[in-house]
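What follows is a pair of complexes built around chain A, which joins chain B in one and chain C in the other.
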Partner chain A sequence: MAYSDKVLDHYENPRNVGSLDKNDPNVGTGMVGAPACGDVMKLMIKVNDSGIIEDAKFKTYGCGSAIASSSLVTEWLKGRTIDQAYAIKNSEIAEELALPPVKIHCSVLAEDAIKAAVADIKAKQLAAKVAA
Partner chain B sequence: MNYFKFFSLPQQFNVDLSLLETNFRAIQSASHPDRFVTCTSAEKIASMQTATLANEAYLTLKNPANRAKYLLLQQGIDAIDEKNTQMAADFLMQQLEWRETLDDAKHAKDLDTLENLLAEMQTEANILQDDLADYFDEKQDNVAATDTTRKLIFIDKVCADIHKAIEHLE
Partner chain C sequence: MEDRNPIYLDYSATTPVDPRVADVMIPYLSEHYGNPASRSHPYGWTAEKAVENAREEVAKLVGADPREIVWTSGATESNNLAIKGAANFYANTKGKHILTIATEHKAVIDAVRELERQGFTATYLEPEPNGLVDLDKFKAAIQPDTVLASVMMVNNEIGVIQDITAIGNICRAAGVIFHVDAAQATGKVVIDLEQLPVDLMSFSAHKTYGPKGIGALYVRRKPRIRIEAQMHGGGHERGMRSGTLATHQCVGMGEAFRLARLEMATENERIRMLRDRLLTGLQGIEETYVNGDLEHRIPHNLNISFNYVEGESLIMAVKGIAVSSGSACTSASLEPSYVLRALGRSDELAHSSIRFSIGRFTTKEDVDYTIDLMKSKIEKLRELSPLWEMFKDGVDISKVQWAAH
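Our next item is the complex of A and B:
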């Protein structure tokens, strides 16, 4: 199967690979997996006091489309509010990368990783409020 | 056709593998094309269909992850639904670590590490299979069984990739 140029670009030069400090109260982590392909995706976001995402890092084990999907969303996330991030749909990711139907699930994985990371940061913020 | 019924086995996770093997061989030999040389084409087609079904059913029940997936499907649960990406975070973290170990050992051509990792995966797989027997056959807990099946599929993938890496080195 031929990958699109955008997938190849992100696959060969992945953006924002790595980790953030998971113990930082402003960092949210999302981890998701797809057993059918054995894909694992870890997405970390750092949010400032105004609720804007300052930094995003990812680590993905999986096929080129899964890596490209996570690399792309780390670019998209920076500068967005967490609510805007939560609203990102897998169809936007699939369209941007021109993913074929058999690879749509890679974009689902990326969308769910964002949602999991946002849920994690919200839970952390809530816990901090309760403690305060 | 239910695969368990097909081999006259009780529908459960713990399967008598030697009985499965015996019953499979019996059906295989009874449906062998050589026995149908002088038969009508309808009978030939029927025997071929039986042989194909026997193969598929055997491969499904023999492999623990496939058997678990099949048991769940019988109850309308798709364990590998692509829309379901939720899994325990610590398990996924562990997956990433195993994948890193595998990649590093592959690049370093480190056969010892690969074999140790394979042994570790097999231990993990055995634990998950014991859990599956408990969830399916004792507790009838489909939620826990689905979760455990998904983990076993992940472990099987890592095992297959370690085997490939080892073959490549040898």
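Our next item is the complex of A and C:
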């Protein structure tokens, strides 16, 4: 299996590995995939009061391309609004990492993880509003 | 690390030719180049003498008579010749059912599958979770029309040693021809065909520090076992396998087997020490599982699964060592090893397995490097793994509802 230099770089030096406090009202968590399918991605984002993503962390069980896809999106997410984050397309990830066709599903999973994390933070914000 | 060759720990795949073996082969390429079948001049006589000396060395290692050794191109050919040759010869008198084990080498499984296409029936018996054959289940799987059983002596993936004496006795009592694939056994376990109730046995040179492209099949003389030739031609090897013998290859296999006979006792002791060192080191890593029985096993093999680490990323991580993985990494997907699946291992554990195989030229430093490499890489991958985090938090991952994708 030949990996692109960018995939190898993210695999060897993954960015933003870790977790954020999942109970923090400003933290959204997205966990997608399944162990039986060979990939599980967990993406956490921390959003400030102006709706900008301040921090992003990930953990991924999966192949080099899955690790690279999630590492890359944590870099992209910081500084974006959650709406900009929601607009990220898997094709942009696949293109940036030069993923071969058999690895496109890794970029799809990363997009799904972003969408799940954004949905989580929106649900938290809504719940907070209702409570207030 | 990128600048040097990875450390070779894949001796079960193939071994280097021992330099002492290569030395004795070379004169038979351009100096003593005669055809061993040429009876009319000294070129032929010299080659024939070399081939017969080598045949005697092969026979000596396994307690056979040289007249019971048939040269082949390797264990795959030996397995095909034994299984197809005996099944076809005895089909009319004994029947058309073949009994083998689900964890056999593909050269056995696929030869039996081919016979199924020709009208034979077959049973692929599942071994126990430790990789060993249950003798009662084996006995129960024999049918009135079973013509042949084939069981490997040492498994290539997990290194477990089957009880060939007990299995052979069951076959003898039932009148079933018994073939044993011993490609992974020579030089590692004592083989004495004078005592073993085995009719046919396959050997390979390149798993025992000989050259690739040469092997042998043992065909018992007392009681005499007959096989139908699969290769027709000049009637070499008493008609069982035609084709001009590759003198230098035969000489190489003979020398490799001679060295194995003289050195295996001390060599195995050293290898066991290295294996124990490797095992102790790797067991320092949490959540590791040895695949296959540890006691009934050659010391050369260690097959371990590292839980919560994904297979393909594990293969990427161990570039510093040349090992074999429980996953066949094709371009499209990971295929878990059929051997580990037959032991009842989950896909995830089968994927995250590594076969380390140690040999003649492995050093203590190689083993220590491997332990350090595995420790650091597994730790790094687990730091990345959300499953590891959940496991550490006490979550039972098998009970989590995963979103399908």
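We adopt the following convention: the second predicted complex is superposed on the first by the 128 of 132 C-alpha atoms of A that agree within 3 Å, B and C clash if a C-alpha of one lies under 4 Å from a C-alpha of the other, contacts with A are read in each partner's own complex, and residues count from 1 in each chain.
By our rule, contacts are C-beta pairs under 8 Å (C-beta built on N, C-alpha and C of every residue); 3 or more make two chains touch, one makes a residue touch a chain.
As the structure is a computational prediction, the values presented were derived from the model and not from experiment.
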When chain B and chain C are modelled together on chain A, clash or fit: clash
First, second, both or neither for A:L109, with chain B first and chain C second: both
Contacts of A:I52 with chain B and chain C, given as first, second, both or neither: neither
Chain B versus chain C as contact partner of A:Y61, first or second or both or neither: both
Which superposed partner A:A119 touches (first chain B, second chain C, both, neither): neither
Which superposed partner A:G38 touches (first chain B, second chain C, both, neither): both
Chain C versus chain B, contacts on chain A by residue: C
Partner chain(s) touched by A:P14 [first = chain B, second = chain C, both, neither]: second
186-194, 312-320 or 348-356: stretch of chain C that collides with chain B: 348-356
Doubly contacted residues of chain A, that is, touched by chain B and again by chain C: 31-36, 38, 40, 42, 59, 61, 105, 108-109, 112
For the chain A and chain B complex, residues of the former touching the latter: 29, 31-36, 38, 40, 42, 59, 61, 104-105, 108-109, 112-113, 116
Chain A-touching residues of chain C, taken from the complex the two chains share: 308-313, 316, 329, 331-334, 347-348, 351, 383-389, 397, 402-405
Interfacial residue positions of chain B with respect to chain A in the complex: 79-80, 82-83, 85-87, 89, 91-93, 95-96, 99, 149-151, 153-154, 157-158
Contact footprint of chain C on chain A as seen in their complex: 1, 3, 11, 14, 17, 19, 31-42, 59-64, 66-67, 100, 102, 105, 108-109, 112
